[in-house]
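Presented sequentially are two complexes of chain A, the first with chain B as partner and the second with chain C.
Right after this comes the complex of A and B.
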């Protein structure tokens, strides 16, 4: 299938995905509310900061950090790994393989289509909440501009890692558990639970080279105006390098995996 | 009563046998349980790297709360949710008929239908956290304190179970509620902090409306010998009222069930 045909089909797929997100809006909202860990962490840190700032973070600083974290998490989230592992196990992946469109492209359209609706719900709420902590946000317009490719990179990297681990279900049974392990490590190393700059220096050094930071912490850092312009550009380069690596890896694993795939139940 | 116990025993044996078929799963889930325990501990370690106490809780005291949280979460996700998740599926497919036809209480049958025995690892992990915390505190709890803590734990479990039953009862009115149970599981995460960490609206919500924060705070206070008798007794009384309410709602909901096939 040519790339041109895929490009033609993609907008239609996005419309379908958006329509289905709207159709199941109650469910959609409930899933959004299930992402509440940043608020729980905020409650703890707000209690800690009542007796004075921690590092560079005051109470308002923590509020800004965790609200931005929640926003980035909501807008960069995907669910492809669960769908993929289930469809491989149940054999329904065969249906997708019959269609003249790469299944991973179809998945990406479905997952991407949910982002606008999440934005419509999350951005106004977050903006109101963030208004009280607006002093904490970055003031450099260039960094805010860089947020666009950084968010796209974060979404892509999240999706590709999920697709990669989900594809591993073609080889091993416990791909979903593998992803859970990824989630656990990622919760710590991506700044989801604790801002990375509050970790001991040694842990920070490790977190800097791992890909987890680019899933979440990096866009948040941009919103809070933490890095300088040059540093931000370097980080953006690193993020997209990881995206490229993940893309190639997913492709290789997918192709090799399909060769050994025979739908269960025939 | 003897018959009830026999039913519970038979159901539990069946679900344990079912789960033990997947032995590799046991290892994988065990490794994951340890990982998630570490993930739960890390923020607390970071916090106490900068402070000696948070809202009057020192590090080992906070560990007690976290220990109860790990244990309760393990029980919730290992023994309560899997069964009730199955009820929702039964309602949707109309197979609840087979449960209702059996000559035993339906709520009892569905509540012990499915177990994930490997979540016992969480409870063991909680034990380790307690051991470490008490070593740091330099004291051992008295028998009375342990008993009080266990009573509070039982109350917490009963409340958790009742909330889950209420959520499941919604399945008789609205079809897709499996994600409502997930939502509840994710909200349960607030129980990892002592209740006085929360302020304002959240404090009211998690103390009176959805008493999640108390579920781990009260057993921890009991272990420290700081729980007032009156507080403990009123918590127990409130729990019983709430459980009775959940039971009534379940009975009313089940009356609305009409098999999907008819």
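Right after this comes the complex of A and C.
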């Protein structure tokens, strides 16, 4: 299908996606408020840091880190893996495949359209962050500018990894379990539970080259002004390389998977 | 328009016996079995034809429709719809077809149908004037006024099906694949849907391929039927000819002014049922004329009707015959 036609349809997809998010507002708010792990981790680490800094993190440092983490998590979250695996199992993916629009583009619009509604939680978090942790935030405007593509990259990478694993449901029945495993590793290696620079050096070396960092830690690092401009640019390049790789891989797995798509009798 | 040549579609399914032991064994060993859903079928459908696809559950009807609409890749064989290879799912192909499945929906569940309409307008890139005209026509043909603004989840099954049909036809497809479009609907709604499908076919010259378990759908809509059983195409022709071949006998319905003896009726043909005021006889084609003449001359007949046997009976007999032949 042509990209021009998809681009033309995308605003309508976003509009309908937003209407759906509003229709599911209660469920949506519950999901957002249940995304509270960074706040739990903040309470834990703040208690540990009471007697002195942990690594480079003071109590205020932890507060800034976990509030940034919560903000990035709220704005980059996606749920396509659950929807995709369910629709493949139930055969309802067929209805999407009949339309002249790539189903992954439709899913992406539905997921993106929920971002404005997330503002309901994200804006207060942002306000608290700016007020309480202003000393801890980065002051380089260039890094803040880089945050825009870094957030988009984080969202895209999250979405594409979810789409890739969800697409595996065309091959195996346990794709959702596979994603649970990914989620477990990701919670540790993306900096969601613990800042990556608190890990032992060897683990850090591994974490810094894996894709998980670019899902969450990298935008947080930019907000905290941790990398220099040159390093930040290199990291942005690495993040978007991962996005490109994920895009190609998802597309390949999707195309091969459709050949196997059977939805027998359903 | 539609060309199917030696189409085959098989699946591999895992086999496992019930019980804990079998569950544990399946952790290391899962035998696979090939299921031939469609096995070497060929047919052609001309533009504007209405064709009924008949067969028992699991015969391969839905699989064939899914291959024709590009959802499934054939295992082997050649399929062409409007000059396109369906499994390539080109935009031009998808713009020309629609598949309505009675048990699946494309309407957004929590939003009014009008939202799905607008979404499809954008996806299919339908010009505004054409969209408005089509919506107006569909609203009139299907009686959608008042339904398009209600959330889908609050519509009745019949109302939802009408909206499903409308949203599937907004882009004015030239080929309609309809899989059990009247399933679960009451008799009035079935008739409405049938009337609509016929009207759409006549208005746009669209080709219709329909599967249904309701024989009335097929009888009312499809001058031609394809019968598929165990993945094989066992009949391709008119419904009348199919009935004649499978059940060459006719049913004679007699309304009587007074009760008659059963043996008097049995002289005319096989007695299917009898009450004081009515009797139903099964009579072969060759003996029909004589039987009717004798009935009128010898019995107190108030009214006499000659009918084909019910389609359900014909199909049951056809598939039973197929099953027996398959087992033999």
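Following the convention adopted for this analysis, the second predicted complex is superposed on the first by the 260 of 266 C-alpha atoms of A that agree within 3 Å, B and C clash if a C-alpha of one lies under 4 Å from a C-alpha of the other, contacts with A are read in each partner's own complex, and residues count from 1 in each chain.
Everything below uses one rule, namely that a residue touches a chain if its C-beta (ideal position, glycine included) is under 8 Å from a C-beta of that chain, and two chains touch if they have at least 3 such contacts.
If you're wondering where the values come from, they're calculated on a predicted model, not measured in any experiment.
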Chain B versus chain C as contact partner of A:123, first or second or both or neither: neither
Touched partner set for A:188, first chain B, second chain C, both or neither: first
First, second, both or neither for A:95, with chain B first and chain C second: second
Chain B versus chain C as contact partner of A:36, first or second or both or neither: first
First, second, both or neither for A:44, with chain B first and chain C second: first
Chain B versus chain C as contact partner of A:249, first or second or both or neither: neither
Touching partner for A:54 - first (chain B), second (chain C), both, neither: first
Those residues of chain A which chain B touches in one complex and chain C touches in the other: 24
Chain A residues within the chain B interface of the complex: 24, 26-27, 30-31, 33-37, 40-41, 43-48, 50-51, 54-55, 173-174, 177, 180-181, 184-185, 187-188, 193-194, 198-200
Interface residues, chain C side, partner chain A - complex: 11, 13, 35, 37, 58, 62-63, 66, 69-73, 89-91, 94-95, 97-99, 101, 104-106, 108, 110-111, 115-116, 118-125, 151
List of chain A residues in touch with chain C within their complex: 1-2, 5, 8-9, 11-13, 15-16, 19-20, 23-24, 91-92, 94-95, 97-101, 258-259, 261-266
Touch list for chain B against partner chain A, complex: 24-25, 28-29, 31-32, 35-36, 38-39, 42-43, 46-47, 49-51, 54-55, 176, 179-180, 182-183, 186-187, 189-190, 192-193, 197-199, 202
